[in-house]
Each structure stands twice: as structure tokens, then as C-alpha cells.
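Shared between the two complexes below is chain A, which pairs with chain B and chain C, respectively.
Here is the complex of A and B:
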């Protein structure tokens, strides 16, 4: 059994660290093994500092300085033929050393190669927007801001993209509880009815095994319905399901099973 | 699902002596249940199937409308996210009375499998619900049967001028 740890400060720090299996790393190889990547790396190294570079799963990964990102991507787009930014986002390492790792996945259609450009930033630090280079970075950077709270300098419209504008908290941070914090739990009630309605509506039921004794009233057993207030013993008489009331319905043709037609050809 | 104990079944299931005016009005109401096109997720596909030719909702007088002002039945078909919650309330308020709500599928009933920060845990936290359909997603037959049950419920009510408030607040 896992040792009990107080979870009062969920928002303040990550509590998850020992909970998940950490997959072993796929083996890395040197950049010199691939001549296209080696040439690309030389071209980048000529102008910018590259801290680390390796090939993993046939893709080159390079680590650069945070302030070089615009220049590196511009060089890769204009001179190295990496014309697509297929994906970018961040990785939460706040629990380890209070940093975020930002990655940009680049694709060259002519070379048929992919390069992943990465760098680290401190918590609270902003990144440089690459929206002027790649239009796809527009929404990606907004999503990164929405989910991690990392702002992009120079972005034309730095607002949340998925969550509502008035949302508090950054859901993809590992310290964010999956079922939401206090703000998330009451968001729709507070916004529509106001805080005073919390007592009337009640908290969310998050326990999927909740047994509510009123459920037997609200959700009758189909075919065994009883009038309200009747004590349910389990020996109720079968109450055949009728589509219409006894005695027929005003202006509506009486439905009988005998007169209805059963279509047994599914391909009709 | 919300914890407030609204007795949604009160008066609905009881036999009520109806006058002939009630009968005419309820006949009209129960057989022209115009539904608001409200497909939020995969249940919406089943709702569309129920409206299409094989199951044919038109036989019941249930015709999907694109405007809340022309509809009196809201079939909440799918996951209601917290971002969307205010809009479902606004659309519900725009519907003219009398109006009814069917909560279709697990997600609309209780939040379903989406036990997360972004999902409303049951549409009855926002608007009053007349009928809950279980299933993930419910078959079109279930929705058909649900509409027939709702017609029965409408016929059992007195057709007074004002609909009884179903909401506690």
C-alpha cells in the first residue's frame, strides 16, 4: 500500500511523482549516423548554440537556448527546407526542477525528415512567438497558454482557446487535479446562478459508486413500476409497458401489437 | 447528477380526470413536439438516426427545429461541457412554455465516463429534466420510446395556462 500523504496543498505542488510508471528511454544514436541530419546540424551550429543533439526513432532532437528559437526556426524554414511546423507544445517538469520543456516538431517534405527543436524555460518565463514564421503556431501557442499558462511574446491574440476566457488554472499542468479544483467544480453554477445557488444544487457527485436511495423513485425498474410511496419488496407484479393509456387516446389510433407490422428484412 | 431532490414524477404519473379542452390541448401538444436540434456529441448521431427515415420521428409529429423559439422539446444529446453550460441555459430560457427536456445518454444524465474538470456532471445541474434515457449511446428505439413516454406524461397533465415550475430556484 502506498504511504498516506496529506493532499491539502494539491494546487501548490505536484503530488503525483511516484504514482506513474516511467517508461525507459528509446535508445539514442549519434547525429553523424545520418548525413542529412549531420549537415542540418552543422548549418544550425554555425549560427546558434546547440546544447545537445541526438537521433532517436529516426528523428533528430536538438536542444537550443530559449532566446534563439525564432532564429533557429527561420533558418530551418528558409535554408534547410523544414517548411512545416507540425506540432508544438510544452512538457511539465515543474515537480522536478520548476521548468517547462518546449518542443517544436519540424517536418521537411523534400528531405522526408523530422527534427524536434527543444529548450527549457523557467516557470513564469515567456517564450518567443513563432506565429510570424508558421501560421500553425497561432493556435498551438494559444493552446499552450491555455493548458500550461506559458505566454508567447509577440503573439497577436494571446487568449485561451479551449477553456472559457474566465477559467482559472491550467488544466494540463500535472499539479492540476483531474476532477478539477474548487473553481472548476462550481464553475457552471457560479456563472449561471451565482454562488448563493451552491447550497440548492449541491456538490457534484464524482463517486461513480454512489448509491442514492431516491434513485429507486426516479428510475423505476422498467416493467415493474409502482405508485410513488409504495414500499418496494422485489415481488412486484409485472406491469406491461404500454405505449398508450387504457381506453385509447383522444384522436389517436389505438395501437395494438396484433395489427402492427414487424419488419424482419433489414435490407428492405 | 445534482443532489437537489426534485420530485420530477409528481402529478405526472397520477390519473387525472381531464376535461375535453384538456384533451384537445394535450393532443396538440403531445403530437407536435418540435425538438430543438441539440446534438452535442455521439448521442446526436443516434438522435439524427431517430429523426431519419428508418425510425421517422415525423410520424410522432416530432420535427427538429433550428431555433429554440420554435421548439418545445430539448433533447440534450451528448456531453455537456462547462464552457457550454451557459449556452444551454440561455437556449432553454429562449424556448417558449410549455417546454420539456429529455436528457439523452449517460453523459447528459450524470457526466458519464467524463469524470473530469471540464464536464458538467449531469445536465440537471443547469436545467430541469423530464426524462432520462440511459445508454451510451441509447439506440434510436430508446429515444422513440422516450418520446412516447413523454407524450404520455403530457397527456396525464392538466393543460392549464401556466406550466408548473419544475425548478426549485
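Here is the complex of A and C:
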């Protein structure tokens, strides 16, 4: 019987894990350990609900409610001096509990501190755009939409950014295969030559490591290459791949090791 | 084979180029030579003035974040080279540092010094490349040739170290794979001794050049608020009046032990950015001199370790692998299965030549990262063109793209 492969997570998996292996944790510390973070957390807690907060690898992580995000970031920007949104994106937890985790990486240059604001949304739910607060969210939210299919409410131009506008599927979801799906394999053929050319051209080979070892025309005929379509008899003439022509080329000297000069010192 | 009619048509059939209101839509790129890669700009023009700009990216998208989710940590290292391929060691370094922070590794001092040497050489390479290409865009062919000559010396040094000129993969998680070659420091010293004169040569050609000043001064002014809001970092932010350099503010490696200044300007225009690149080259040279001394000190103190000692995550030195059974077994498991960092997440920012290069890694304890987000500075430096270009004229587009120093391997990832 073939091994069952879950359809909602097609990414590479460890092929062997020790039965008794317990993964260690990156240590977390309490927010109270850091004065600045503790003060920031107090300020946020005064107005919004904070579900969880801790410090991990020198940065504070806080979990909030999805509908509070605009307010929290506004508070952080205007009152807590977190003036830059370095990065934002999503994490796919669809296979686990049908949710996405969204994170916003904030930077305060005056305090030299970084906070990661996070929340969960259900699959199909949209997030509130923070593009009005940070222009950088304009492109980040578009990228998130492009890669995960999460829309941002109130975004001025919610279109794909890295993939073509007419692309189907969301590449960074765990359910999307690494080499692309059926649509991806036909996309360029359909676009350039039309659907009717599918039979002639065939699907795009999207696995870059593919080697067809039964392809005797193009593979493993080094030095005996023949034009495509030629019938192979086994008595092909040798077709040597010379780096330089034997008779020499007009004005170009043939390279020999003896006549060449080696420069030892590249600085000259 | 039957001939197939090619139906490739431009993608902008739905755009009217001449509009009733006299607004012209100009399609700039994606194969424009001064776009520094695959940037397509849709420019709405009133006469020669831009009223609306719409940058379109994604022509070099290779899905690196997806690839990372399907690779073991060490396997991903050469892929990071392909982000900012002008200074690829800085990408390697950012990733290595992020994984080290996740695991909680301390790298041996000698490896740190070598890393700093590589990083600063990469910064110089990147800045020289920037100067060359931008000057060429503006029309200064001589500077292009001069700067490429100097960059060639640096690439030779790097080639001697790791065998590659552009895609170095010169840094490993936990240290560096090799000690620097014998000629490294000598060649570097020779280069650095010439560098001040070289920089002066460029400046003599450009600083008071009428054409250069007309294309640079008061063009592409980015106010501080705009730079912050758009997530600008690196020279783009420093030219807009914020002296923020991650090497100084959140020091990694041995940057807290070296002395250097952070040049910044409050002008925010193209010329300010140009001046910052020039000054940063001088500061990099200063750091490199100090790194050479630090390296000599390491040699004197007999510090030979190049990789951290952490058998769970890092393979033992080659000598141990060849002589000790347990080291060989560890090595075998680490190569075939990959290291398994602890469960947790980390965001680490480093100062790459272009700006803040950040790696967000979410590990679930497996040999593959569960989520890896690459924060590439050029992505936002391209985005800012939306707000920056309106009001400027067509020739300014070229000089503004030039000074933003965007690299499309990094924008599209």
C-alpha cells in the first residue's frame, strides 16, 4: 500500500525522527526582565487586550486580537516610538487548525528595540490594512495576498505583486507543491502558444533536477551529438567539441601553455 | 516538428497610451538597461513630468522562501547567494547569524574576524559596483571603468578565498569553512593602501562635475518621514537624516570592538546618497585595517578554531571525522538529515550594503524551517518609487533608480 500523504501539507518532511526525540525550545523570558519592554507592554495593555507576551532572542513577542491591529500599531508608532514596520507576513497553519498567523516586525530606533506583534486569523478571513500607518505595508500586504491569498481590508491596490496578475493558486501555502501545480505547468505554454499547442509542446518541466535517462537524443551523447529528430544508428561520427578551431581563427592566436604568461600578483 | 505560431503579445493591451486628458503612459522596462535588472515602471506623464508611477516587480521571482521550506538549513546557504548577488557573503552571513541565534551558538573569535573581513570586502564590492553602474547611467564612463577595476581586485581576493567571484557561499552556520589564504592579508593591504587615492579619483571626476551635480542635487529628495514609513534602511535612510546603522546600534560579531563612523546627511537627495556611499567606503577601509590587526592577534594568540563546537548541530572538524567514529556518525546524520534547531522563532537583522537584511525563521524542531521570511532592503527601496517619482522628470527616473541601489535578485527573491 502506498504511504498516505496529507494533501494540506506537501512540503518536505524529515524521513526519520527518533521516537524518543523531544525537540528543545528556544528559551523565552518574562517581559518584566526588560524595563523598556515592560513599559511598552503596559502602555499597550492599557488600551488593548494582550493575550500573551514574552521575550525571545532579545525581542518581545505579543499576541493580540486580529481587529486591534490598526490601533496597536498606531499606538506603537505615535506614542511608543516604534517608527518603522520592518516586515510583515503570514505563517500557514492551515493543516493544523485552519488558521494563519500574521506577524508584524516593529523597530524603534530611539529605544533600539524590536517587537513582533502577532495574531491569528481563520482561513478566508481578511486582515485590516495598516497601509495608512506605514507605507511599507502597501507592498508587504500585496506580497502576503500574492503568496497566501490573505486579503487586506482598506488596501488601495490589492493585486498580486511577484506572481503574474492572472496566476492561480497561492505559492507559499503548505498545500502548494514546490514544483508548482497543474496550472503552473501549462501557464507559459498556454500564454505563449495557446491551449491548442499543448499536445505538441507538452507541460513545462518545472523540476530543475529532472534528467530523463531514456532521452537518448539530448542526454549522454557527448561528442556524438546529432540534430534533433535524426534516427540513431549507433555508428554516428564523432563530433568533437573543440574549444578553439584547429586551423586557427584570423587574428586570434591559439592558446598554448608555453606561450602564456601567468600573473602572480593580481595587484600588478 | 510542426511550426507553432508564436502568440506572445505584450501584456498591456488594455492600456491606452494616448489619453484624452493629454496624459501619456510610458512603459519603462522590464528590459531597460538603467533599470538595474528586471524593473518595469508604468509612468503616467504630463508632458515630461511624471504624475503617477507604478513599479512592477516579480520578473526574477524564484520562490526562495518556498525553497527554504524544502531544504535543510545548510542546504539553503548557497541559495542565499542569489539574493543580493553583488555582495553575496552578506546574505550568507545574515542567514548564518539567524540560525546561530536560534540555536544559541557562539562562534570562535578567529571565524568572527574572517567573517568581518569578508563582510566589509563585500560592502566595498557592492559600493564600487553601485558607483560604477550609477555613474554609467548618468553617462560617466570613466568612473565605471575605474570602479570596476578596483572591484576586480577585491573579487580576485574573494576568489582566492572561496573559489567564486559572485556567489561566494563563503560562510557556514557556526563559523567559516576555511582559514584565509596566505596572500589574503597582503593583497588586501595593497588594495587598501591604494583605496584612498582611488576614492579621491572618483570624487575628482564627479564632485564638481556640472552634469553629475545637475542630475544629483535636489533630485529624488526623500523626507525623513517618508523614508521611515516606507521601511527604508541603510544608505537610503542615512541620507534622509537618520543615523541608523545596525552595525553600530545592535552590534553583531566584533563591530563593537572596531572604531568607525556612521556618515549621514539630512539632505535626502541623490547627491546625499552618493556622498554616503563614498564615505562608507572610507569607513569600510578603516574597519578592514582594524580587522587585519585583529586577525594577526588571533594568530599570535594561537586561536585556530574556525567552527563552533556543537556536536548536535555542527559537524566536527575534518580531522575528527576521519579519525573518530562518533564524529563520523554525527557528520553523517547532519549531512543526510540536517540539523534540528529548537522550536521557536527568531528575527535577525544585519546591515547589508543595501540596508537592513533580515531573516525571520520559524522552526518547529524539524530539519526544515517551517517558515522563513527574507526581509530584503531593496524590496522597499523599489516600493518607495511609487511616492518618490511623481513630480520628477523622465531623466530623473534613471538617476533616482541608480541611487536607490536596488538589486532585483533581492527584490523578487
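In this text, the second predicted complex is superposed on the first by the 179 of 268 C-alpha atoms of A that agree within 3 Å, B and C clash if a C-alpha of one lies under 4 Å from a C-alpha of the other, contacts with A are read in each partner's own complex, and residues count from 1 in each chain.
Operating definition for what follows: a contact is a pair of C-beta atoms (placed from the backbone, for glycine too) under 8 Å apart; a residue touches a chain by one contact, two chains touch by 3 or more.
Since we're looking at a predicted model, the values are computed, not measured.
Novice: Should A:192 be classified as contacting the first partner (chain B), the second (chain C), both, or neither?
Specialist: both
Novice: Taking the superposition as given, does A:34 touch the first partner, chain B, the second, chain C, both, or neither?
Specialist: In the superposed model, A:34 contacts neither chain B nor chain C.
Novice: Which partner, once the models are overlaid, touches more of chain A's residues, chain C or chain B?
Specialist: Looking at chain B versus chain C, the one contacting more residues of chain A is C.
Novice: Of the two partner chains, chain B (first) and chain C (second), which one does A:57 touch, if any: first, second, both, or neither?
Specialist: Touch partner of A:57: chain C, not chain B.
Novice: In the overlay, answer first, second, both or neither for which of chain B and chain C A:249 touches.
Specialist: After superposing on A, A:249 lies in contact with chain B but is clear of chain C.
Novice: Could you tell me if A:171 is touching chain B, chain C, both of them or neither one (first, second, both, neither)?
Specialist: Both partners, chain B and chain C.
Novice: Does chain B (first) or chain C (second) touch A:200, or do both, or does neither?
Specialist: So A:200 meets both chain B and chain C here.
Novice: Now for A:208: first (chain B), second (chain C), both, or neither, which partner does it touch?
Specialist: Only chain B; A:208 stays clear of chain C.
Novice: Answer with first, second, both or neither: which of chain B and chain C does A:227 touch in the superposed model?
Specialist: After superposition on chain A, A:227 lies in contact with chain B alone.
Novice: Would you check which partner chain A:163 touches, where first means chain B only, second means chain C only, and both and neither mean what they say?
Specialist: Both partners, chain B and chain C.
Novice: Taking the contacts chain A makes with chain B in one complex and with chain C in the other, which residues are shared?
Specialist: On chain A, the residues that contact chain B in one structure and chain C in the other are 163-164, 171, 176, 178, 191-193, 197, 200-201.
Novice: For the complex, which residues does chain A have touching chain B?
Specialist: 163-164, 171, 176-181, 184, 187-189, 191-193, 197, 200-206, 208, 212, 214, 217-219, 225, 227-228, 243-245, 249-252
Novice: Going by the contact rule set out above, which residues of chain C touch chain A in the complex?
Specialist: Of all residues in chain C, those touching chain A are 1-2, 4-8, 57-58, 61, 63, 65-67, 69-71, 101-102, 104, 153, 156-157, 187, 190-191, 226, 228-231, 233, 242, 244, 249-250, 337-338, 340-349, 356, 358, 360, 362-368, 370-371, 373, 375, 379-380, 383-384, 386-387, 412-413.
Novice: Residues of chain B touching chain A in their complex?
Specialist: 1-5, 7-10, 13-14, 23-24, 26-27, 31, 82-83, 85-86, 89, 110-111, 115-118, 120-122, 125-126, 132, 134, 148, 152, 155-156, 168-169
Novice: Looking at the complex, which residues from chain A come into contact with chain C?
Specialist: Touching chain C from chain A are residues 11-17, 21, 23-28, 56-57, 59, 61, 83-87, 89, 91-92, 103, 105, 107, 109, 112, 114, 116, 134-136, 138-139, 147, 160-164, 171-172, 174, 176, 178, 191-194, 197, 200-201, 229, 266-267.
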